[in-house]
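Shared between the two complexes below is chain A, which pairs with chain B and chain C, respectively.
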Partner chain A sequence: MRLIAYLLPRIAAALITILGVSVLVFLALRLIPGGYADILLGPFVTPEARATIAERYGLDQPVVLQYFHWLVSLLQGDFGVSMVTRKPVLDEFLRRAPVTIELAMIALVVALSFGLPLGIASGTAGRSRGGVARFIGAIGASVPDVVLGSVLIFVFSVWSLWLRVGGYVPFSEDPVGNLRVMLLPGLTLSVFGVALVLRTTRDAVMRVMTEGYITAAVARGERPRDIIRLHVLRNASIPVVTVVTTYFGFLLSGAVVVEVLFSIPGIGLYTFSGLLNRDYAIVQAGVLLAAVVFITINMLADVLYAAIDPRVGAGAKR
Partner chain B sequence: MNIRSSINKAAATAALGLGLAATCVLPSLAQDKTITWGKPAEITGFDVHVAGTVAAWEMYQMIYETLLAADENLEVQGALAESWEQTSPTSYVFKIRDGAAFSNGRAVTAADVIGSLERIKDPETASYWSHQLGDIAKMEAIDDHTVSVELAAPHPAFLPALAHITAAILPIEELKAGTFDPTSQLLGSGPFMVEEHKQDESWTLVRNPHYWRKGYPLADRLEAPIIPDESARMAALRDGRIDFTTFANPDAPQMLSKEDNIESKPQQTTNYYRIDVNALSDKSAFKDKKVRQAMNLALDRQAINDFVFAGTSDVDYPVPAAFGKDACRSLDTYAMPREERIEKAKALLKEAGNENPEVGLIAASSNPVLGRIAQVVQQSLGDAGFEVEIESIPTAEYLQRVFTDGDFDMSTSWLAGYTDPSMVIAWWNPEFAVWNQVFQENVPELSAALDEVKTMQGGAERDAKLSEICAMIDDGANLLSLVSKTDYVVYRDDQVDVTVAEKSGSSNTFQYISEFKPLD
Partner chain C sequence: MSKGSASALVEIDDLVIAYDTPAGPIRGLDGARLAIGQGETLAIVGESGSGKTTLGMAAGRLLPPEARAESGRITVDGVDVVGAGNEELRALRRDRLGFIFQNPMSALDPTMRIGRQVARAIGGNPAVETIAALLRRAELDDPDRVVGAFPHELSGGMAQRVVIAMAIARKPKLIVADEPTASLDASIREKVMVTLGKLRGETGASLVILSHDLRLIARHADRVAVMYGGRVVEVGETATVLEQPAHPYTRALIAAAAGNEKPGQRLEPILGTPPVLTARCEACAYEPRCNFAEPVCATTRPEERDVAGRGAVCHFAESVLTRAGSQREAGAR
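On to the complex of A and B.
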């Protein structure tokens, strides 16, 4: 009951947020210059041709009515059809989701594998001896994906190294080929994650290390390994869980820049192409699904807080 | 004994069966030869009569056919029509090729030809090609394979207009029956048909078993992964994942030329890069004709060729250089030394009372070449006193601002030259073109001359008229040609044997795709 009381307001807030996102994305798409008629006809878009295309896709209706139709369709599980292919966009998102999930998992695994140990080591080492980790954190946080990705693409397209640029192969067809294609974008995407996890872990560990109960544990003569395992990690984990879940939500929502750069056919590339082509149904569905994923993951993080720290859940009673 | 005998019989039957199966299956596997095309961009729509982008045309050309085609001398030749006859200045009779069939097996008929041309002319279709076909007064099916077309007025560009992919012949019977939707499907009589399409990811085409040219295409399958990034296409060529691709600028082919087994073939086209100038907006300095003329004189077309295209292109003219006409070359814009042109441009700006015009230059971000051209334009106009600010914006925004809102000073793009000199310059008449009405000044004398040249047969008289038109176009300085657009086909010579026309007039880079031969 306590968990339900804790979650209910969050679910209500999530639904309101999703509704808000749906209004924003719907309006934003219709406010930005250029439409599908421009893309389809190029310069040859006469007023008559524009009107014909608008009528064909129901864009001649008032915006409020268009939004209402879209919302009703959404509630029935119909996310609309692509203007280019006239096929349901949900099918495309489902087909591409495994690609984005794989990319996100690679990035997350790399980020955790390097970020957590380096963060803990740096945090326990103190300010004077954590220089290397601080440097890695600063570099990782400040190099944009587009710069790092472009450098990697240049290097790996000029020299015939084992890893490949583009040419996605599904894991089920060729696991090795798949890894050869996915590692570079995964690594590109993970660099920011490494820095994020490292810095957050380091700060959290350093904060916990100054707490009285750590001093007490030291005074009791507990072994440093036990102090870190039993007292530091558990107490430092809440901010780390927050950033990791947020980061994972960001990855799953579509790592647009990396997918576009490396021509990885995930949901980010699909949504981005939809935006360039003013293919409204794709962008609306893409942004909405991203919002749902992001919000859901944040709610899961809230549940995790309650599990890690009972005081969080108890707060709901008050 | 009986049991042993039965086992032996069963074994023999199984062996025979396996042998037969192997005989049937293995050769087909062995012959399943694939070529892989690194396609730079996804199509923008399925309707061949509507889409106005090269990314779409390239794919249509694999699947659809037109009645006529243009050869590399820009002469019209038969395609779906094996022959044709012009019986009067306004009358044509086309004989459809025996054996031509759509990929569903149904023969192409006169009704398909008539229905397709009617569909293009129908305003409901919203086809931009309607005007280029001229005014079709009547079409009749003389028999299943013969079509007569009567134009309301002479229009020599009618035949070249039929050679452009936008005039493709659709299966009208299926369209009317509702079994074929041209806005979401591709069904043609060309060398390939679609097996699978993953949007923004890849196309898989397989041979059309009913293609009229026996023994072609030489490849059984055509895989087309979509690889927009230039570096990724280069990498794919290097490691052999794709057999061929195209580039819009010579940098990539030059870098790849150092690789073993990678070759490139430049294809000259009638297309050229251009600048659109806004002569109608009160907000634009170019509303003053003298400022436009100064800009035209100050443009350094040779510098664009040198710096953007490493000298591999050529200065081009409103009547494209590829047609070999001398229509525009003696004009000051092209013939006068640059120093003198700059002085003349400065004098014009002084006369206009605007010695340092501040103007914006839009370059759509989707094509990096346009941004590079804009930078050279910025530099060269600066020599005459212009202050140019470059804007790089998404394609959809560019299209709306330039062609619908007229909210710009000048913008870079390119223009398809087609296969007859009268076709491209027809766009200088905004009443005919429509697409440039928001920025192109309507000059009645020029429009009349353009209407007249459309009715003239090729020859000295028409060439003289073209020169007269070119001078008027240059005087208006409203829509300017820059340099020729060369396409570069780059391929693995150890994986595929390609045939590329040296010159193309219909943006048909892969005109000979059916002759691309996969190598073992």
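On to the complex of A and C.
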């Protein structure tokens, strides 16, 4: 009951946000120069041909009308059809989603399994030590995916190591072959995650270590291991949950750069190609789905906060 | 130090503790000496920066990492605290020491239920009744509800009673309370102090209270140690020290304390600021602020002497004492 009361205003805010996103993406797409007709028919198109295309896709109507038409279809579960392939956009997204989800999971698992232990170790080691972790954090957070991905592609293309660059195969057909393709882009995506999780964890742990209740636990003669396990980790976890969920949302909504770089047919690549073709329905659906994923994950984070800290949602001031 | 050290639970001898800062070391303690007897209640008073918290925390080696013990010795129940290994120190903290901090809200883990925190202080897997019984000893009204509560659901006074219960959970020999009532409402300070005194009596522990509050101390402490510049400058029975101070700093503290002034009388603030020592002070640290100072005070470090039944670190303790007679009575109960 308390959970519902806690979530209700957040759900309301989420719906408003999604509505806002739908307006923004719809307008933004129509503001960028060039339309589907220019892409399809090239630069020397006659006005008549352009008008035919516009009429066929309803692009000749006022933008407001187009928007409401789209919105009504959305509410009926119809995300529109691709102008290029004439297929329903939603089916295409659902078909590609597992690829992006797999990529996101690889990156997330790597980010957590390196970032968390290193961050905790570095945070509890004190100010003087933990410089290595800080170095990794700084480097990892500042190298762009394009650079890192390109370097990896270069290295693994020149020396044919076990991992492969490009040539995606679905997991259902060849699990091992799939992993060989997916690991490199997954790792590329994870480097930023490792740095992010490491730094956030380290900072949070260091801050909690200076709290009075940690001193009090030390004064009671508790084992250092118990102090970290029982008092430090839980209290340090809120900022970590914030960045991990945001990072996961970023991964799930399609890591465009990495999917394009490694030719991974996920939703990022699909949305990107939709943008290049001015295939409005694809981009609109892609951005809207990303917003929904982000908002859902943020709501999950809100639930986690309340589970971690009893003061959250209790209306307590401190 | 008039008490025989044979019965002393804590012995602090010429302890020098320096804090490393970017500007060089700063002395928190500059040759502090103090003996704390079994079962006594001793108050340590002094301004912020006088070294009282450093001394109190040193008893459990709870100082921040930038603090170093440069020389001297502190033993608690026979354990050399400075030289103890980590496990020995942990056992000392767990079984023989109890700490009570100024702000009870920050001394409790906000994400763990009180019952579990108290259970961890007791050790093992105590039954709920055991936990509630301990809380009842600390005079919490509704221990069964408190067991299931989180710290933010308690008032400051209740939280401090929980902290006190946790501190006595293992029958410590020494309880160190750093401003135990400073963060509480004035109306409950006295009650919490009474509880603390009662539990000290039950456990037979020694109680060290670090405090600014002279009135509180006058009522609850057997002995008082006054600290200044990282040293204990006057130590003796509470009544002796507060009613007939032999150190000018003690006199000034009493004159600056609210609560004993007569109508129309003004409080006298202590002018100047406490010293920041970068090395051993070779003079009297109080000399720049002292009304009694003579040239010798600026050149010779005073040592502790027995003056009229208490220890005093002042070249002119006798004349301070005789002039004190003309001062208004201080620390009246």
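Operating definition for what follows: the second predicted complex is superposed on the first by the 315 of 318 C-alpha atoms of A that agree within 3 Å, B and C clash if a C-alpha of one lies under 4 Å from a C-alpha of the other, contacts with A are read in each partner's own complex, and residues count from 1 in each chain.
In this text, contacts are C-beta pairs under 8 Å (C-beta built on N, C-alpha and C of every residue); 3 or more make two chains touch, one makes a residue touch a chain.
What you are looking at is a predicted structure, and each value in this text was computed from that prediction instead of being measured.
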item: First, second, both or neither for A:7, with chain B first and chain C second; value: neither
item: Touching partner for A:44 - first (chain B), second (chain C), both, neither; value: first
item: Touched partner set for A:179, first chain B, second chain C, both or neither; value: neither
item: Touched partner set for A:92, first chain B, second chain C, both or neither; value: first
item: Partner chain(s) touched by A:273 [first = chain B, second = chain C, both, neither]; value: first
item: Which partner, chain B or chain C, touches more chain A residues; value: B
item: Partner chain(s) touched by A:84 [first = chain B, second = chain C, both, neither]; value: first
item: Chain B versus chain C as contact partner of A:125, first or second or both or neither; value: neither
item: Contact residues of chain A, present in both the chain B and the chain C interface; value: none
item: Touching residues on chain A, where the partner in the complex is chain C; value: 126-128, 211-213, 215-223, 226, 230-231, 234-235, 308-311, 314, 316, 318
item: Sites on chain C touched by chain A in the complex; value: 60, 62, 65, 90-95, 97, 99, 101, 103, 105-112, 120-121, 150, 152-153, 163, 166
item: Of all residues in chain A, those that touch chain B in their complex; value: 32-35, 38-46, 48-50, 52-53, 56, 82-87, 92, 95, 150, 153-154, 156-157, 160, 164-168, 260-263, 265, 269-270, 273, 276-278
item: Sites on chain B touched by chain A in the complex; value: 42-47, 50-53, 123-126, 128, 181, 183-184, 197-201, 225-229, 231-236, 238-239, 241, 366, 394-405, 413, 434-436
